[in-house]
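One chain, subunit A, links the two complexes that follow: it is found with subunit B in the first and with subunit C in the second.
So, the complex of A and B:
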């Protein structure tokens, strides 16, 4: 699963959805793999308005990537900043989580990731 | 006709094999009227009423099975949406379906690139597949296009997980495990609607304001009642049949309903 997917995922426990602690999920013991994908600056610039930047900063630092600026760049700023484009491309699109866990900070539930597939099925007592 | 994704690697003893319902979804999504709708709603350069550039759409298939539908959407993004700038992702309860889908999407993307021959990449960006129950793992109001070919066959009960079953990509499955996994793909409980009803109830939370859902129904699901129920969500809600197959004596055996909010001023 691409790192970008963490920006769309949240704890599957219904009661957690209203808590801000349930998002983003926190990767633990994550094994990362890198793909090589052709750089498409246009695509990144258009992904930008979809991103929850605060969540992305958390994810990025938890995975050990260099710190992202506090504020999301504007489309113009990103367009002019080739290094930032490369960094975001590498983090969001080329990096995949292959093994590990995703943890909800609200309920503590750990979602296992195996072969790049996170398991969000809940044990019956949590449904 | 756009090529159908290759699913020859999929273990059909435990993952749903593409069938008439799957192909009806492919045909409907690539029909002239639906590609026009998708272009108008999501393509960044479509001349439209909204002046602001459109954010890149997030397309999610629930119950991907083999991945044939998600791979088709991802690989043919340029044709269906008028842009290769779409994000796609899949959810299925069946671990083997998730694993199969990753491979099916990968193959279909490679094929679409070969076909386009060095021009701009025709395919969208697939983020991955997760195991989950419907849209539970997704953030509310994030999905722009939702696609679901549900377990729709009326059955006396819903599948129950065998005692011995471990859902995590087991290296071996027993015969019971395989029959459980296959029953997930068709068994819909009362009116074949138990799973679909749960999804429809959650749609207002799942879909973004501009979002739409394509859901497959069979005649026993009482599609007219389903559509009428969606309209009770509010005056802006629409539910329209946009594809059908197997017409006998005025009854469509299978149909695809598009559900969305009409928020145009």
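So, the complex of A and C:
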């Protein structure tokens, strides 16, 4: 599970749809692995306006990464700053949660992550 | 050809042996690859994008998304959802680039609003038409899926879903669910009338500005050759102007209605519907 995907995932439980606590999901007991992935600056700049920066700050601090700047960089800033684009690429795409849990802050449902695959199957009473 | 959808649920059907067979068959690989390329052509992505792969399976379609040439606006980043653990296991062994998650699309699409530029689905959504327990219904699953998909795509985003409907009822059920969710929907048929017919459901979110005339609501086939556009949307009747109750036109219309029913009706003359003269 990449950090990029985590920034878009919400709790799948129906009752959580209306609650603001159901996003972001909080990683617990996470084991991280680093993957080498080719840098794709255009894709990052494309995704940048859709990232929830506050959620990303929370996730990165929970995973033990150095603190991100308070404000999201603009596309121009990112384009000009080679180091920032590399850091962001490293955090969003190269970092993967291989084992652990994702927990919803609203209902407390735990989504298990095994071998990098999160299990979002729900028992029928929660759908 | 037998349809596995009829007998088993997707996660039960694609067990370890079936998933391996599916992924290693060169025939299936070729068909999947050509369908993915066709879907990409319909999506018409100009820049590296974030794509949702619905029913990604072992990542046959995802591989092509990651391998799009930079000249054609690639490579794309994708997130894949599938319900079969065995398929995902093979995807892991094949070391695909996208992010994988185990999820049932009939339970919804658990992403926040406006996450994706596009979505792609190859031979998956017909599985939604079969409910495996009495608690779920095909329409309920389809609605949850399309509502979730509609929300998770950004405005102006597109989705292309290739699927194998069992019959026309299933085909209509799927398209109606998509339209109900708010999509501008169109069906594209490749090689119609042959055994190799391939059906693509093309969905757009927002920006359907080309209204009026016999046009394609999704706007994906504009500029393509050899495409016939059939517009099956219901139109407002042109002669739907209100006739005033009690007017002559209204009386004549009523008389015609009665005549059609087989009732005996007095002939229409110049006196029909006239006011009586005031009498002292």
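We adopt the following convention: the second predicted complex is superposed on the first by the 124 of 127 C-alpha atoms of A that agree within 3 Å, B and C clash if a C-alpha of one lies under 4 Å from a C-alpha of the other, contacts with A are read in each partner's own complex, and residues count from 1 in each chain.
The rule we apply is simple: a residue touches a chain if its C-beta (ideal position, glycine included) is under 8 Å from a C-beta of that chain, and two chains touch if they have at least 3 such contacts.
Computed from a prediction, not measured in an experiment: that's the story for all the values here.
Chemist: Could you look at A:43 and tell me whether it touches subunit B, subunit C, both or neither (first, second, both, neither)?
Modeler: Both partners, subunit B and subunit C.
Chemist: Looking at A:26 after the superposition, I want to know if it touches subunit B, subunit C, both of them or none. Which is it: first, second, both, neither?
Modeler: Touch status of A:26: no partner.
Chemist: Is A:86 contacted by the first partner subunit B, the second partner subunit C, both or neither?
Modeler: neither
Chemist: Where on subunit A do subunit B and subunit C both make contact?
Modeler: In subunit A, residues 1-2, 4-5, 8-10, 12, 14, 23, 40, 42-43, 46-47, 50, 93, 96, 115-122, 127 are touched by subunit B and also by subunit C.
Chemist: Can you check the complex and tell me which residues of subunit B touch subunit A?
Modeler: 44, 53, 55-56, 58, 84-85, 87, 89, 91, 93, 95, 98-99, 102, 121, 125, 127-133, 136-140, 142, 167-169
Chemist: For subunit C, which residues count as touching subunit A in their complex?
Modeler: So the residues of subunit C touching subunit A come out as 47-50, 75-77, 79, 81, 83, 88, 92, 97, 99-104, 107-108, 110-112, 114-117, 133, 135-136, 144, 152, 154.
Chemist: Residue numbers of subunit A touching subunit B in their complex, please.
Modeler: 1-2, 4-5, 8-10, 12, 14, 17, 23, 38, 40, 42-43, 46-47, 49-50, 93, 96, 112, 114-122, 127
Chemist: For subunit A, which residues are in contact with subunit C within the complex?
Modeler: So the residues of subunit A touching subunit C come out as 1-2, 4-5, 8-12, 14, 23, 37, 40, 42-43, 46-47, 50, 52, 93, 96, 115-122, 124, 127.
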